[in-house]
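Just dropping this structure here.
By letter and in written order, the chains are A, B, C and D; residue numbering begins at 1 in each of them.
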């Protein structure tokens, strides 16, 4: 209709800058992100050491292509400054930061360490993919609606971890000084237990510590599981409302 | 009423093909599926090695009976082609695929390996049972309603696993190269930790790795638990709507 | 009001049989159940061996008092037969079954084994406590409302356990025959992993087994967590409806 | 408007007592709580032993400042007695209890043990932070709305732990007397398994114990997860109602 006609005119008028809304362009970017992530993983395999040269070429290709994408996105953004400092603008920038190692004096002066961290930044390229997940907007909106509750639950969970660590330290520090000798050490136990991961590298052995764990586990495990349920509920509700509005609109027209 | 009268007439007219809607026929099929699953499990017990011959007979009986069922279901389907390529049509076909080993040259030429895989396909016979679970339709419908959110959550969870694996690789590769020496290796840790299974075969030992795990665990565990809550909410909601509709119909009539 | 007046008259008329509705009587029963459970636990402590005689006296006291309670409950039930075969009637009967060891020939003929099992039945006395939990009725009602979905989820979970066990058996039987040598053995792994307990006594070690576990864990863990969310949703909903009805009644009057 | 004008007048009139509603005052208190919690954690690090003197000074500062805060809060409370015995009043009191060690004869007479416990009470200072979490009120309200269901679930969970411990004791006491020799010992296994932590220090090894665990795990894990889902549902619902009321008010005015 009128709308699509306008878009087409826009594309014609804007020329190169319209490309960022082109489907094929976006599919290529998605494939590049995926390829970049796979290459990052495979690079660490010592068995693929012999293909090192090809990984280097792939890496430079990704860097160049993502840089072109970044420039195009800035060029085609209505408000260039707003885009650069938006979430996606910053992610796009971080994705090409490893190219900074080319600037002489930055990659060489502070030595290998900065280089390694800069190269490791490539891992965040995966965030570029969030641009293409359709339901993410709705999820962020749902997140926004319960942000007060989520903040409260995060604070309460942190308090739970703190109190659990302090408590188990009190009970176990004498029996197992290597695992519970300080509160920061005990915090590792608190995290592993309250998330119910329970690796089994640390666990209480004294009767007091076990009774304390029983209470902490039953309360804390429940507390830490609430945010997931909350987000699930809000997501469902958001979906219901959306459908009700659609029905409402249909009835009106 | 009129409807059931029609069905009865149909049964009389169609003769043999009406059998697939017969209750006794379906109960027998259900028992066969259960027996087949139990036989498959018991076959692997070395203590029951001496009954091998009986298992072979049972196995051939299941194969023949399921083949008869498959033929009957095709015969009685209104649209034969649609049935063959439907989910249940394909499951019914896979259930009798092990009979392919009878075709000379297929079971013998590529040797024992293909035979073993073909025989292992019997495990999928259990999917035939889904035909008889009443609430499955409603669950698939509920699944369909949140498919966009589910897809988004699956992508986000995959990204979480990827980022966790890359991060822990960064922190632990030097300290534990046998467990975290490559990112694919680290992914095993990420899966076991984010699902909160926590076998305890791999866990971080460096302070950096432990702090990283603390953050990843608190966020990732919550993220991966959302889909369950979402499905539970949607199922409840679907049930409420169904009841409201029933009440509405009752009021109208 | 009129209602409480009637109850009082009932109490007076029925004499002894009214006692089962008496608050003090019920508090005493609750304390007896608690005391019986605590005694059952402490009896197993070897350090308390010297108090064996007192435990025996307590045990006989519980038996006699629960027998009196049972007789009173039958006596005061409007429909005696219905009570005897109701859930609470059967629980009350099981609670006093250990007294059967008194019947000569039953406790002695089949020997120590039957005696031990009969004595172990005391553990089910705890079910007598469910009579006093106010919200249990509402929970059973909520359970009833989603019984079709729950049944479907139980069947799907069982299928998930079956398929997981068969799959891991396929991948790990050669590498770890002591843990995955048969499908029944592999089922222990499936249960421990899908419930996310993850003791760490059994876990896959082959690459194939680990990749299989990754898929099974992400799907199966979610599947098995749905029933809890479903029950939680239905409980909340039941509460909302109850309140709406109350408000509706208040508005009408 | 009128309201804020009144508050300002109040502040002027009340003088010192109005300070407890001052934003800067409350931010300082929050920072003090955080600093106190961090100091408590770092104190246990043997590497920071050399800064012991500074920790002592910090500790005394916290004590003096929290005492001043407590006095101010009592002074500015409309109903002083109500405040002292309120949750926050008691928390504020516990936070300064370690100062009791100053009273001669109390810190010295019963010796080091009482002193250590009194000093350990500082851990509860973290509860002072709950005063500043905005959504806590709504959460406590939500908790109150489902208190009957929560109580029932707590009782049922306790019964589940009791029955699981008794059952596993029956199956495993002969095979693993060191872990399952008494029911109290078996309770540790029950807690660790039903919360799905699964450290791996204790697990069943007999076939009977494993089959029992399979049933207990599938039911018990689900039961213990219900409260989290319930609270999440109620929190979402409370939020929806709040918004509906706001919309209602907007429409009316």
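Just so it is clear, contacts are C-beta pairs under 8 Å (C-beta built on N, C-alpha and C of every residue); 3 or more make two chains touch, one makes a residue touch a chain.
These figures come from a predicted structure and were not determined experimentally.
Trainee: Can you work out the rotation angle that lays subunit C over subunit D using Cα coordinates, in steps of 5 degrees?
Mentor: Best-fit rotation on C-alpha atoms: 90 degrees.
Trainee: Which chain pair shares more contacting C-beta pairs: A-C, or A-D?
Mentor: Answer to which pair has more contacts is A-D.
Trainee: Give, as an integer number of Å, the spacing between the C-alpha centres of subunit D and subunit A.
Mentor: Distance between chain centres: 30 Å.
Trainee: Just how far, in Å, is the C-alpha centre of subunit C from the one of subunit A?
Mentor: Averaging C-alpha atoms per chain gives centres 42 Å apart.
Trainee: Quick one: which residues in subunit D touch 2 or more of the other chains?
Mentor: 187, 196-200, 225, 227-229, 232-233
Trainee: Please give the residue numbers of subunit A that touch subunit C in the complex, ascending.
Mentor: 196-200, 229, 232
Trainee: In the complex of these two chains, what residues of subunit A are touching subunit B?
Mentor: Those in contact with subunit B are residues 37, 40-41, 44-46, 120, 123, 126-127, 129-130, 133-136, 138-139, 157, 187-188, 191-192, 195-201, 224-225, 227-229, 231-233, 235-236, 239-240.
Trainee: Write out the stretch or stretches of subunit C touching subunit B in their complex.
Mentor: Checking each residue of subunit C against subunit B gives 145-146, 148-149, 151-152, 155-156, 159, 162-163, 165-167, 169-170, 173, 181-184, 193, 196-200, 203, 210, 213-214, 217-218, 221-223, 225-230, 232-234, 237.
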